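Heads up, the next two complexes both have chain A, just with different partners, chain B and then chain C.
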Partner chain A sequence: MRVRAEQQKTPLHVLQERRRRRFYLMLTLFFVIVQLIWVGIPILMAVMWSLVDPKNPWSFPNMFPPSFSFAQWEYVFKYTNIARALRTSYSIAPLAVLLSFVLSLPTDYIMGRKKIPGKKIFMLVVLLPIIMPGMVVALFLSRVFANFGLSQSFFGLVLAHTLMGMPYMIRVLTTSFQSIPQDVIDAAENLGATTFVKIKDIFLPMIRPGLLAGMIFAFIVSIEEFNLTFIIGTPTFETIPTILFSFMGYNFIRTNASVVALIMMTPNIIMLFVVERFLKSDYLAASLGKM
Partner chain B sequence: MEENKHTLLHYLMLLPGVGFILMFIGSSIFLTLAQSFGLFSITGRSAFTLSNWAAIIQARESVDSLMFSLKMGILSSIGTVLFAFPLALFFRKGGAGKGMLGSIIKVPLFIPALVAAFLIVNLISYHGLVNSVLLRLNIIQQPMRMLNDRFGWGVVFIQIWKNLPFVLLILMASIASIRDDTIDAAKNLGAGYWSILFRIFVPLAMPGILVSMILMFIKAFGDFPIFSVAGPIYPAAISVRMHIMATLYQEWDQAAVLGVIIIVTTFFVIWAYSRFAELVQGEE
Partner chain C sequence: MKKLCAVVLVLMLAAGMVFAAGAREEAAPTIDLQTATWEEIVETAQAQGQVTFYSWYFPDYFREAAADFERQYGIKVNLVIGDQTANFNKVISEKDRPVGTVDAMIVGGQWVKTTMDLDLFYGPIKDIIPDADQLAPSLWIVQEGVLTHGYLAPFHRNQTGILYDPQRVSNPPQTFAELEAWIDANPKLFGFNDPSRGGSGQSFVHTVIKHTTGGLEKYVGDTEVVPEKVANWDLAWEWFNDRKDKLTFTVSNNDSIIRINDGEMAMTFGWDDNVQDMMNRGNIFTRAQMYIPEMGAAGGGDTMGILKNAPNKAAAAVFIAHITSKEQQIKKFEMLGAYPSRIDIPIEGTLLTEEDRENNALAWFPAPYKDYMIAEFVRNVLMTQ
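Presenting the complex of A and B:
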């Protein structure tokens, strides 16, 4: 009895709220399905292509491969340089992230906390590696690198990847430094905090979320950097993108390319789900929202 | 007074960050410019000449390539924003399952551009999935040419697929800053869905829309790998043509001219954007 009485008394705005919530749920479901198709099907196709059995090829009228095997995977690991490229890629990326962090730190601090003339121009200069067309920089930077003996060298590649990741690092960390309230620093100074204590207890904890976001961006940029690596590193050093490109050029081997594509993106997607909560949109927007 | 004393030290502290970028990018811009006029040439003698510029400007391919790259840049930037804007609007309000949706949407952000190109190539190639399905359903009689097509739809499609989450992140932040009060007020005054969309959301999100469009344009215009995988044979994108010029024909000086054209176009578009952004913000 009481239940019915409550139902009768349900005010209109509660009903509207319920209806609204149901509508949003349906809409979410719709978008999830659309996105599953939009993102899932291309990946599924690559998985199927990588499992094609060489004895029973998959050709046009068939919607699915007639039989599956791991022969393509064995082939790629046995006869191509993929293992070495993986090692190169994943040893350049952390070094480039670290180097761009260390090199950018003084800049981040100055840009975030100090008033200096010309700051606006510096913030634009920082964006140059993103703004400049990759192939132009790659072709002519390779001439500069050649003069310094840096082309076809591991250190040269690390420098190049550092250069490409630096804009994200600087922009994100500058925003982090900016968002530290001056009161906190003043209070700490009043209480006699030394520079070391200030860094340890104020700056580092407060820039940490931004630092993580910046590192993630720099890491992704390094893993997928193609232009500079292709011009400066090939053929001495191959990273995963340049290997994939070689499979997609004149001799397009779809099955091998799908194996390499899957090897290349699996760690990234795992990383996405691990780091997703750090990757708040405000960081990217705050750092790139203004030119 | 205190500030002035420190300024020199502050500038010195900028060296490892800003200085590093300026040194490498600046030297490559300088070299591009110098080589386009025949100076610092690595092939042949170095002397000031305008012949490289004449050769490039007179070639019909150069104009076609530039136009094609511009077209791809503009179409990709408009297309991505059109796809991302409704999603960004949806994400403004909470709801069950949004977290999962957010994760799925962000997947292409973490997929390298070249891999994204490959994934989409599987779908849109002549005997790819899209054509197979459409043939099965009897919607088309002949497979459509969507990859390496003359118009460049394949390139646009790959750019949209890959960069949708990137643009979405920027748009979401600029839409999140629009307050509910504004919308409630508009509703009270009798605004319908469309007028709320076009007279509140779009104008207030305009800075975000402009930034994402410009970043997309830069990405798509100067791109190399996606163009060379999915672009047409002719006209080749201007970056592809520059690469061929330098590595295949060893005409580095003429490649430098193309490089200067790419740089100047990019900077011009950014300048036009910043003027337009000032105009939009001035109206508020």
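Presenting the complex of A and C:
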């Protein structure tokens, strides 16, 4: 009786606010649980497997490793070229991102802003390098690279990684160019904007979110690229995936694979957080050059 | 903006040309390994100055062996521990180039037929390597049913057998009938890998064929599949299909071992060297035990070959001689517990007993039957409901 009386006294908008808060809380909880299951647990498992003590393995029926050690980390750093691979991977990736942006820009603009026949077919063709199995692409391309003297060369590897990153860059930037309102461009032209001013003050700021997304894709693709790197780069160059794959696939060693996966994952996660901060920037503000 | 783009492009092209030019090296000195003395080969190897070797396992041992080799001969070792399939795809992609990038590599049973069919290796090298007579004689001739004619030097011998958790299997089966009974009594606790994805699964299917179709003797010496001899293999496929809901199929040799460690299975077919390596690295409990059952299990070994288009053949030959030397084979055995390829090393403390090896190890049937077995297993067992 008292509760009902209190409810009758509480204004409707306060009750609605409470319900809304409860709903948001449930949504947040759901999100946190899903993230824990899909992201948190695999990372936690990788961390635990990377710390398994070889003398005291993590086995059935133990729910958790009976003891921890850094032996698996020591093994990877002692017996693989991981330090050299890290240097190579993080030298190639930024250059591949830059080159894929520069090389894809004309295509992005034409596909996003101009009406040309066969556009849909072209967009499909652009995706072929990522649709086809990586090893097939690598085997065909290795001959081309060898003929041009690009095998076993750093520039060849940058080109190979650029090739694998470009489909993502083209897809994302084409959509970004498409989404620029024609009114803004027309208004700028009416006010006497030159091509340079349009690029600087309209196109670049408005494609920035797409550009950052494309860069993330191209960067991660480069960091994770295995087949082409292995075929045209080794033995002169080794990247992180060439070491990771030696512990995966046919010869899957869970402990060492976890170490290399964590080494590969950590800089990427940091980069994602950094880029995420840029992406939060206001889209319209960006378009008006107020950033 | 345009200026910036132009500058970046020019710089990258210039850097690329510098790197590309740097990659082209002068041709290494060569010698005819078949006619040269060992001293001449070593001298040429030292003039070549480097050797590139590919494997997909034992990074710990190979790093140590490479360091020893560099100290002893002053020849740099470019060691790549890659993925098995990728290693072979790489050398196959370079097959038609006059000079490749790989000098020598490990060859496993999974790829030996393909590589021999493609004529990838230089040889024969049996008469070049010192102490060749001290390496497993049968492995110089045949590797998992494929005739290798002295082209591939034995690296180590390995053997499949039954791996089990003694806490869950108190009385492991010895005969085929006992295994059938155990599987019936313990559904899903016995498993093996898809034979197209690893040799231990192949070995189990091989053993089932032996017991359901009348032995393996009739295939000896065949160079191609004789249809009359495989006409009753349906019996083997029936055996698998009748127990499909009681068997666990895994995706690789290591996957089988991992599932034993995780408790999903209690018994599987595995390679002794593989199990020992996984044990050394904490990927399976140390209480695991292995034996070769009386019903038989196939064995073999891995080998090393020099690529036909190797840029440093002499250095590759010296590196293979180094790996097969008594000192290195003992070191490998002590580090990993992997059974040496040399026959002049006393063996103690391996997962499998010498008695089991003598009495129960089987030889593979010829390679064409193995290929046929894998294809037919996939078609008749894996692809049926």
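We take it that the second predicted complex is superposed on the first by the 204 of 291 C-alpha atoms of A that agree within 3 Å, B and C clash if a C-alpha of one lies under 4 Å from a C-alpha of the other, contacts with A are read in each partner's own complex, and residues count from 1 in each chain.
Everything that follows uses one rule, which is that a residue touches a chain if its C-beta (ideal position, glycine included) is under 8 Å from a C-beta of that chain, and two chains touch if they have at least 3 such contacts.
Just so it is clear, the model here is predicted, and its values are computed rather than measured.
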First (chain B), second (chain C), both or neither touched by A:245: both
Chain B versus chain C as contact partner of A:104, first or second or both or neither: first
Chain B versus chain C as contact partner of A:80, first or second or both or neither: second
First (chain B), second (chain C), both or neither touched by A:227: both
Which of chain B and chain C A:126 touches, first, second, both or neither: first
Partner, of chain C and chain B, that touches more residues belonging to chain A: B
Contacts of A:253 with chain B and chain C, given as first, second, both or neither: second
Which of chain B and chain C A:57 touches, first, second, both or neither: second
First (chain B), second (chain C), both or neither touched by A:39: first
First, second, both or neither for A:166, with chain B first and chain C second: first
Chain C-contacting residues of chain A that also contact chain B: 59-61, 102, 135, 139, 143, 159, 226-227, 245, 248-249, 254
Of all residues in chain A, those that touch chain B in their complex: 21, 24-25, 27-29, 31-32, 35-36, 38-39, 41-43, 45-46, 49, 59-61, 63, 102-111, 114-117, 122, 125-126, 128-137, 139-141, 143-144, 159, 162-163, 166-167, 170, 220, 223-224, 226-227, 240-241, 244-245, 248-249, 254, 257-258, 261, 264-265, 268-269, 271-273, 276, 279, 281-282, 284-286, 288-291
Residue ranges of chain B in contact with chain A within the complex: 3, 6-7, 10-11, 13-18, 20-22, 24-25, 27-29, 31-32, 35, 42, 87, 90, 93-98, 100-115, 117-123, 127, 129, 132, 136, 161, 166, 169-170, 172-174, 176, 207-208, 211, 214-215, 218, 221-225, 228-229, 239, 242-243, 246, 255-256, 259, 262-263, 266-267, 270, 273-274, 277
Chain A contact footprint on chain C (complex, rising order): 1, 5, 8-9, 12-13, 15-17, 19-20, 22-24, 52, 54, 56-57, 59-60, 63, 78, 80-86, 89-90, 92-94, 97, 101-102, 110, 165, 197-198, 252-255, 258, 261-263, 278-286
In the complex with chain C, residue positions of chain A that touch it: 52-61, 71-72, 75, 78-80, 95, 98-99, 102, 135, 138-139, 142-143, 146, 149-156, 158-159, 196, 199-200, 226-227, 230-231, 234-236, 238, 242-243, 245-246, 248-256
